[in-house]
Amino acid sequence: MLAHKDVFCEKPVGFDMDEILGTYEVIKQASSLVQVGFNRRYDKSFARIIELRDQDAIGDPQILKITSRDPEPPSHDYVAVSGGIFMDMTIHDFDMARFITGQEVESVYATGGIMIDPGIAQYDDLDTAITTLNFVNGMIGVIDNSRQATYGYDQRIELFGSKGMAHAGNVRESTTALATKAGTVDDNPLFFFLQRYIDAYKTEIESFLDSVRNREATKCTYEDGIKAIRIAEAAKQSYQEKKPVEVKNIYGD
Amino acid sequence: MLAHKDVFCEKPVGFDMDEILGTYEVIKQASSLVQVGFNRRYDKSFARIIELRDQDAIGDPQILKITSRDPEPPSHDYVAVSGGIFMDMTIHDFDMARFITGQEVESVYATGGIMIDPGIAQYDDLDTAITTLNFVNGMIGVIDNSRQATYGYDQRIELFGSKGMAHAGNVRESTTALATKAGTVDDNPLFFFLQRYIDAYKTEIESFLDSVRNREATKCTYEDGIKAIRIAEAAKQSYQEKKPVEVKNIYGD
Amino acid sequence: MLAHKDVFCEKPVGFDMDEILGTYEVIKQASSLVQVGFNRRYDKSFARIIELRDQDAIGDPQILKITSRDPEPPSHDYVAVSGGIFMDMTIHDFDMARFITGQEVESVYATGGIMIDPGIAQYDDLDTAITTLNFVNGMIGVIDNSRQATYGYDQRIELFGSKGMAHAGNVRESTTALATKAGTVDDNPLFFFLQRYIDAYKTEIESFLDSVRNREATKCTYEDGIKAIRIAEAAKQSYQEKKPVEVKNIYGD
Amino acid sequence: MLAHKDVFCEKPVGFDMDEILGTYEVIKQASSLVQVGFNRRYDKSFARIIELRDQDAIGDPQILKITSRDPEPPSHDYVAVSGGIFMDMTIHDFDMARFITGQEVESVYATGGIMIDPGIAQYDDLDTAITTLNFVNGMIGVIDNSRQATYGYDQRIELFGSKGMAHAGNVRESTTALATKAGTVDDNPLFFFLQRYIDAYKTEIESFLDSVRNREATKCTYEDGIKAIRIAEAAKQSYQEKKPVEVKNIYGD
């Protein structure tokens, strides 16, 4: 039964693919608008990369690099229901990979291990990973993840191409540096996602409200949500099978 | 007649010293709270310098440096009623000099000229200045001002002491840099005060409301407003007379 | 026949493994000293990472990241005899991977393509690659390579661990930045290896002469040369077979 | 008596003006070449400012800022014969002021005090100073000096003009930064002049030898040496008399 409500849905849109695709069929028939909560799409520094890409300042993109590290590992309670690192954490990076390049991911290869909290082994999860991406247009990319960066939330993206490179660095609490005998110390990156992406969250909600007001497609659709999940599933499978996995083999194409 | 309203007053608190001091007498007798709008006191990066100073990370402060440059010159209409560069623009830096060091200014020496808009000569004003400060505790400082920095609002403060130096740099639109054959380009400083100090303005108003709620002295009092004006007057006089001027000689001590 | 000369040998020590291993046998029986020319081991910024690692400032290393991009692609004449990108270019990064982590590489996965010069297809080579590394102690790493970075020689290394991260950035011609309406422009990285590693080359030769003088093992031995070649061969095979390859399977262990 | 030798002379060229000017007369009549050792003229980052100025990237220069701080104060033995801070230390900055702007200094105003070593009072010297400069073309400048910067040799120059600003920052031992819970720490500036200007010293000597070989005027003449001394004398007098002093009043024009 359709309530015809417009929906803002946090990521991931689900864990069970039958359920996800069933929901998708309903959504497609409804006139409802759905926006998936990939908040990083609204970050100023990442948006600036896209602006430079669209101005052809980077040329043909060739290499994408994403560093995405949390300041501290999640609780075991959270890990138990998180869907695992690829579905819970890297999924944001998979969405950014699609968003920043404007390209679909063809295949992935993931490796990693448990380096921070041995206790998560019981959840069949890992906490440190590197995932290589092959895009349909031939370009390549890599994401590195850690569940624990002592210096704060490490969120960097680099798009390298035939004309140049755009690099988005971390955002810090202040621009003040202290120079003493011990070196010149800058503030660390903002602690975690609530600090780093506070402005992005505001822009995200404004964007949703604009879509609702104008009855236009949202800037991050249910389909975007599904695509990120499929890449996450492919990464998980790649990690388990120790070989590259094509995304099209995940739940059909 | 006293309305007993609490007052948030933009800087400068006035141009006529008799009027300013008369108002001060009224305020002192009233139970009203007055906060003067020196917005930069609420900037995170400048606040960080004070935090480091109070932690004794800088040691005994010895040299203060303030760079304060506007992106574009004001209109002639504005210049005509502005009170001149020292009263209109440098007054913020004079307040910061007191705020960042926690010390009073004893004397000033100002030099400069008209380098941007010859038309302001008719208003007996200048657009480029360097003002040297001597503080009562012996430390020294310098402020440089320009009415036109092509690259944006340039707002830097450096406090140097016996243990180290704290330096607050500019805030930029994003952290994204573009590297091409032409060099590695960072975003410029945020355009002007509304962009740079938007968070400071919010904190400033919250601080005023907190003071009102708690019936406590504001964080930037009417007296702070008067002190900055006296330094500005001393700077103007120094510029005109081409010699250092003691602040105590401005409107008595 | 042994001439008993001490030898400084540029990388790679050879292309033919039988020849390389045969030479190794001779060297082991001779009293000659051999130093292989992995010049980057003598770069100050990379050496600083090792210093920080050895001081336990980074904690247990978990992720290694190397960016290694040339400013311009080699000539076809050079490509024809280069041994391919992994043997000619990435081999330096494979040596750095061992040097910076102090760990041996267990397996590699390489992906990439021809994105710069289609003409190199005839040499069965590629010009853009990402290589993932698994080390014997469980830590992971990634190297990204390009034969053409318009902004200059891009040589960065990052070692991330349980206590922190050390990051070595590029070296620039000067520290002078220009801020104009168009942004704040820094000098690009030094153009190529002769500029970036000029000091490293000097230190390298001094190190060799010290070893000769003191009849001590060199800082970069023939065995180091062989190990880098084996990783390069594994990477090449991984790229061709589109799957991870264990280094021990290259020419036996 | 003239030996007709070409001479490389360290700064200052002397303390006694009669002797200095007498020597100048001899030099002018001889065919000897004289180069004065203002080593900073050969620093790459400062040279880059001049390059940008000559390309008109900065536009009409309006403000010059020089920060020049030593890592540690000199011995009393040295202070006793040094000629005082303006003649011994700031003299380099006075030369740079002329070199970077291409303009002569018209007048100076100096203030400062003893903040580091009270013992130097007996030598009638000071250890911390700010000197404001007025140039003949109307532009203004400021130099700040300290005899003790805990974080190393602080040597920065900024030239601000109608089109933009060039800023030369400090040079560091390496480009490696360490990020931990305590912040992101960069290497400090190189310790002192022997470290910072080692390349400049080489270029300086090469420049002298080139001049000798080609019988051409040196890049830093005896007259440059005299001009810097006159500004230093004016600064000293300004400090003592607490008022701006015109350089032309020092030993006639």
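By written order: A, B, C and D. Residues from 1 in each chain.
By definition in this document, contacts are C-beta pairs under 8 Å (C-beta built on N, C-alpha and C of every residue); 3 or more make two chains touch, one makes a residue touch a chain.
For reference, the UniProt names are A, B, C, D = Inositol 2-dehydrogenase.
Everything numeric in this text was worked out from a predicted model, so none of it was measured.
K.L.:
Is the number of contacting C-beta pairs greater for A-B or for A-C?
P.N.:
A-C
K.L.:
Where subunit B and subunit D touch, do the two copies share over half of their residue numbers, giving same, or under half, giving different?
P.N.:
same
K.L.:
Approximately how many whole Å separate the CA-defined centres of subunit A and subunit D?
P.N.:
Computed value for the inter-centroid distance: 52 Å.
K.L.:
When the centre of a chain is set as the mean of its C-alpha atoms, what distance in Å lies between subunit A and subunit C?
P.N.:
The answer is 31 Å.
K.L.:
Quick one: subunit A and subunit B, Cα centre-to-centre, how many Å?
P.N.:
Taking the mean C-alpha position of each chain, the two centres sit 42 Å apart.
K.L.:
Can you tell me which residues of subunit D touch two or more of the remaining chains?
P.N.:
149-151, 163-165, 178-181, 187
K.L.:
In the complex formed with subunit A, which residues of subunit C make contact?
P.N.:
Touch residues, subunit C against subunit A: 59-60, 62-63, 65, 67, 69, 109, 111-113, 115-116, 128-130, 132, 134, 138-142, 144, 146, 148-151, 154, 160, 162-165, 242-244.
K.L.:
Within their complex, state which residues of subunit C touch subunit D.
P.N.:
Residue list for subunit C touching subunit D: 44-49, 52, 57-58, 163-171, 173-181, 187.
K.L.:
Inside the complex, what are the residues of subunit B that reach subunit C?
P.N.:
My answer: residues 149-152, 178-188.
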